[in-house]
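Heads up, the thing below is written out as structure tokens.
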Amino acid sequence: MTNTVTTSSSTSQPLLEVRKLTKFFGGLRAVNDFDMTIQPGELVGLIGPNGAGKTTSFNMISGLYTPSSGEIILDGQNIAGLEPHEVTQMGIGRTFQNIRLFQNLSVLDNVRVAYHMHAGYSMIDAILRNSRYTARERELTEQAQDFLSIFKLERIQHELAMNLPYGEQRRVEIARALASNPRLLLLDEPAAGMNPAEIVTLMDLIHFVQERFGLTILLIEHQMRFVMGICERITVMDFGEVIARGTPKEIQANPKVIEAYLGKGAAHA
Amino acid sequence: MEFFFGSFVKIVAVVAWVYGLLRVMGNSSKLVKIVGIVAMFGIVQVAILVKIGDDAILNSFDTGLLFQACTMVMVALGLNLIYGFNGQFSLGQYGFYGIGAYTAADITYRWTNGQASGLIVAGIGVVLIGAVILGLNRFLSRFRGLPVLSAFTLYLIGVIVAGVVAYYVGATIGDALTPLFGSTDAPGILRSDIALQLVFVLAVLIAGIFAAEVAFLFGLPVLTLGSDYFGIASLGFTIVVNTLMVNTDTILPFPEMKGGQGMIGIPKVTTWFWAFAFLLLVIIVMRNVIHSSTGRAIMSVREDETASKAMGINIANYKLLSFVIGSLFAGIGGGVYAHYIGFLSPGTFDFIVGFNPLIIIVFGGLGSMTGTIVAGFFWMFFLEGMLRVLLGQMGTDAPTWRYVLYPITLLLMMLLRPKGLLGKVEWGFLRPEEVTPRRTAEMLNSATGVMPTVK
Amino acid sequence: MQKANSTQRSLPAVRTSGARLAWIGRGFLIILALMALIVLVRNFINNPLLFAQIVISGLQLGFVYALIALGYTMVYGIVRLINFAHGDVFMAGAFVSYFAVTRFQLHVWPTLIDPNLPPIVITVVGSITVILLSMAVCALLAVTIERVAYKPLRNAPRIAALITAIGVSFFIEYFGALNFVFSPRFIPYQRPFEVVTWYIRDGIHLVIDGKAPPDGSITFSNIAIIIMVVSILMQLSLQFLVRRTRIGKAMRATAFDKQAAQLMGINVDRIISITFALGAALAGLGGVLYAIAYPSINTLLGVLPGLKAFVAAVMGGIGSIPGAFIGALIMGQAESLTAGYISTPMRDAIAFTILIVVLLVRPTGIFGEPEKEKA
């Protein structure tokens, strides 16, 4: 499969630049002056104790929340305040902390929904069942099936999402997010609820995805073994602010980070 | 007891007929499809015409049930689209049913009384309003973050302007056509039967589109409220429409509708052919929408709005789309109903009876089109048909006993089989199109199901 | 095989911001509000006494609706169920009191003890007994419905419980309408105590039977006062119960998070039953008072008031007790003003239109709190 990324004109321009992102919920400041820069092709981790503001930041980047202030610049364009579906159309895909598959739809349909943006036919075409519909629908379905086969999911393509075991659901969710053809993929706790063996499989999957699709990935995760093992760079948040940045090695040695996680178990993988 | 047995046979026959129709429509061969549909139409038509002894196989009572079942199914399918497939709880379906009925009735009523203005004004009106809505939609899509209330105001102004223009233009044209009607003694070309049939079809379609346009205006701001509140607001809509029906001759300028007394004199143009045709239209359109990318987008909104947004789907648009199409079906059903029964009264469309489509779709299975169709026919023939007559023989309490037995049946259904009669099962034509798994060489080689490692 | 869609990507951000056009929508609403205000003010100036009369009548309605609305909002707050059968509990209150008065003469039972008691004592004690009995029966009815029909479906999809609620409602209404039960006729209601009307003109005077009050006077009745006083008392008591007592705390906890409340040792089933019982008692009380005020009852009595009370609860913010109260008062006024100045058939329609407008301005209702969903 070919590389699908449309590379930006200048190789030094970051894919995502977040500047001074702040979010107030009433009087509560959940995120304060969040800064981050991600270059194309990077795999970056965002970690921090619960309530640090990680998912809130994700939600702002993907458009579910409107920032109280700050900018989110995707490939040179400010996307702060856009509707979530517009953000997706701009090229950001995401998965969710609690798996949000379309439970009553099949695996294939879950992925086909991701193709809706590029369906290529209108509702009128569908009603009339004209040649444009037949051709495009078949093309769409074949693409979806091929896509599923990359993830070894084609055997279960007709299974309803709610009948799948947890690990497979996670895989389908990642596949579905990828099917929307993003440039930047946001993964929110992809390893949640997984045992060590599943985590290894997941690490392989993410590496594979990154290489195969040339994606830029930003992920939130609590499982330190996973984060340290897979991320090239890590940003650490606590109480809504960035408290540290660096490579996994640097982060593990950073006293502020250890303090933030004090009592929370392995800051050393 | 003879009646009981006869009714039982009829119910089974009807369900079998539905099954047969759907099977035949689902056949891959075009020839089989066409022949089959004609055959299915023919079977019933013959049963209506051929007499055994004194009565036809399907006597007038049965035919009445049949027509009512068809219209009820159309209304219920619309609601299933809005609620079963799109997840928006609407109690407003009967409001649109009523709008469709009265609109279509008025057009043909005026026509049969020598007035073309009804048809012309309505026709121009829906076209103009539709154009305004579509045009404004395209124009407004250039603005992002436009508050819904502002958009609504703009649409409202546009629609009102279009309506006024349509009225004046249409009335003038309509008046100009009056001579072509001739008089009752020397009827002109516009009074012919063929003309009436054509006007009927146009009236039903216009009524449906008008209902859809009202749905657009109403749904645009109200769908943003979220499912529960939308339900209450839609219930309010039904009540407001009902109030307007009672006041058609006072607040609204339609003296022929006679407000609370009800409108009479509607030409009874609905025949089995038309009922069947419109039913088929609704079924085909609904199925084609559901089994397409649009349909998947619609269902994704029901499943998980947040995830749907993350898939690039503008959920507000798809909620509105489902609501508009669902109301279109209800409006068409109303038009067909009005011309079967010949008179309309506001009591037919009050919000208590407005629960019927909801009960039908839940009874048949929320995400199942087949379930709705079967439940709709079953409802008519069993409950309204058999039970009503049976209870009628038991005393004057019959109408009340119906409303005692329906809830009991419903409650039992909820407790024993909440998924509904058919759950998510579909028959024949309505089944999702087969997707054959792809088998490329690459896949056949690596059939172990293990993820590739890239290290 | 996957197409790069760079052209599509820049579209959303390039569009102009439509937020600036918010004034269109706001302006529209303001114009509507101004129009309504002008009509009201004009009517007030034309005939202030009539206006006052209509307002009083609206208050009477509104306070009754408030009693019903409290039950709706409490139940929805706790089990997220629109209890369609609540309006029928209201109707049951009216019917129970009807039978207590006509069959058992319960409103004058103290005469059995001592026929020479002062009449005022007999009336007060008797009436209160009738009312309490109605409230108790209604509470029992609601708890039964909850246990039999709603509890089994507590973990089922919401629609199942909703349809069941609709079914129960229809069943009660039409079972009562059967000929051997209450029949569908309108039954003239016998009041447990006399309704006395006064008119205000040069001081407060009693309206004598048969003699119309003079022009330029406002009339009000003892039942109107009773309704208002009772309703306010109930609202305050309920607020106290919910905010200051342990049971109230348990109710709030259960409404917030059922499972957590259970883990904290709260008997959730009992709390839910208590909530239903409380709401039903208030509705039953409302039913009796409503029947005294408008003495003609039938089994469909609760349909429209129930609906309007529910709309009131939504308008005020579902789950909020003061919200339900305010919403109900607004509904009462809207209905009365419309019936008085526009026309009687329109009064139901106006109420719903107001609901829609309120929701558009404040989507969670006047005192409502938005439900925050974590992604």
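Here the chain labels run A, B and C in written order, and each chain numbers its own residues starting at 1.
We adopt the following convention: contacts are C-beta pairs under 8 Å (C-beta built on N, C-alpha and C of every residue); 3 or more make two chains touch, one makes a residue touch a chain.
Because the structure is predicted, anything quoted here is derived from the model rather than measured.
When every chain is reduced to the mean of its C-alpha atoms, the one closest to the centre of the whole protein set is B. With centres defined by CA atoms alone, the chain at the far end from chain C is A. Chain centres here are Cα averages; for chain B and chain C they lie 34 Å apart. Centres computed as Cα averages put chain A at a distance of 48 Å from chain C. Centre to centre, using the average C-alpha position, chain A and chain B are separated by 41 Å.
Touching of two or more other chains is recorded for residues 144-145, 306 of chain B.
Residue positions of chain C touching 2 or more other chains, listed in rising order: 12, 375.
Multi-chain contact residues of chain A (touching two or more other chains) are listed as 64, 82-83, 86, 89, 96, 117, 146. Per the touch definition, chain C reaches chain B in the complex via residues 12, 15-19, 21-29, 82, 149, 152-153, 156-157, 159-160, 162-164, 166-171, 173-175, 177-180, 184, 303, 307, 310-311, 314, 343, 345-346, 348-349, 351-353, 355-356, 359-360, 363, 373, 375. Those residues of chain B lying in contact with chain A across their complex are 144-145, 285, 288-289, 292-297, 299-300, 303-304, 306-315, 321, 367, 424, 435, 437-438, 440, 442-443, 446, 449-455. The residues of chain A lying in touch with chain B in their complex are 62-64, 81-86, 88-89, 93-94, 96, 100-105, 108-109, 112-117, 119, 121, 123, 126-129, 133, 137, 140-142, 145-146, 149, 151-152, 154-155, 157-158, 176-177, 180, 201, 204-205, 207-208, 211-212. Remark: chain B residues 89, 140-154, 156, 221-222, 224-226, 228-229, 231-233, 235-237, 239-240, 243-244, 246-247, 250-251, 306, 352, 355, 358-359, 362, 366, 395-397, 400-404, 406-408, 410-411, 414-415, 418 touch chain C in the complex.
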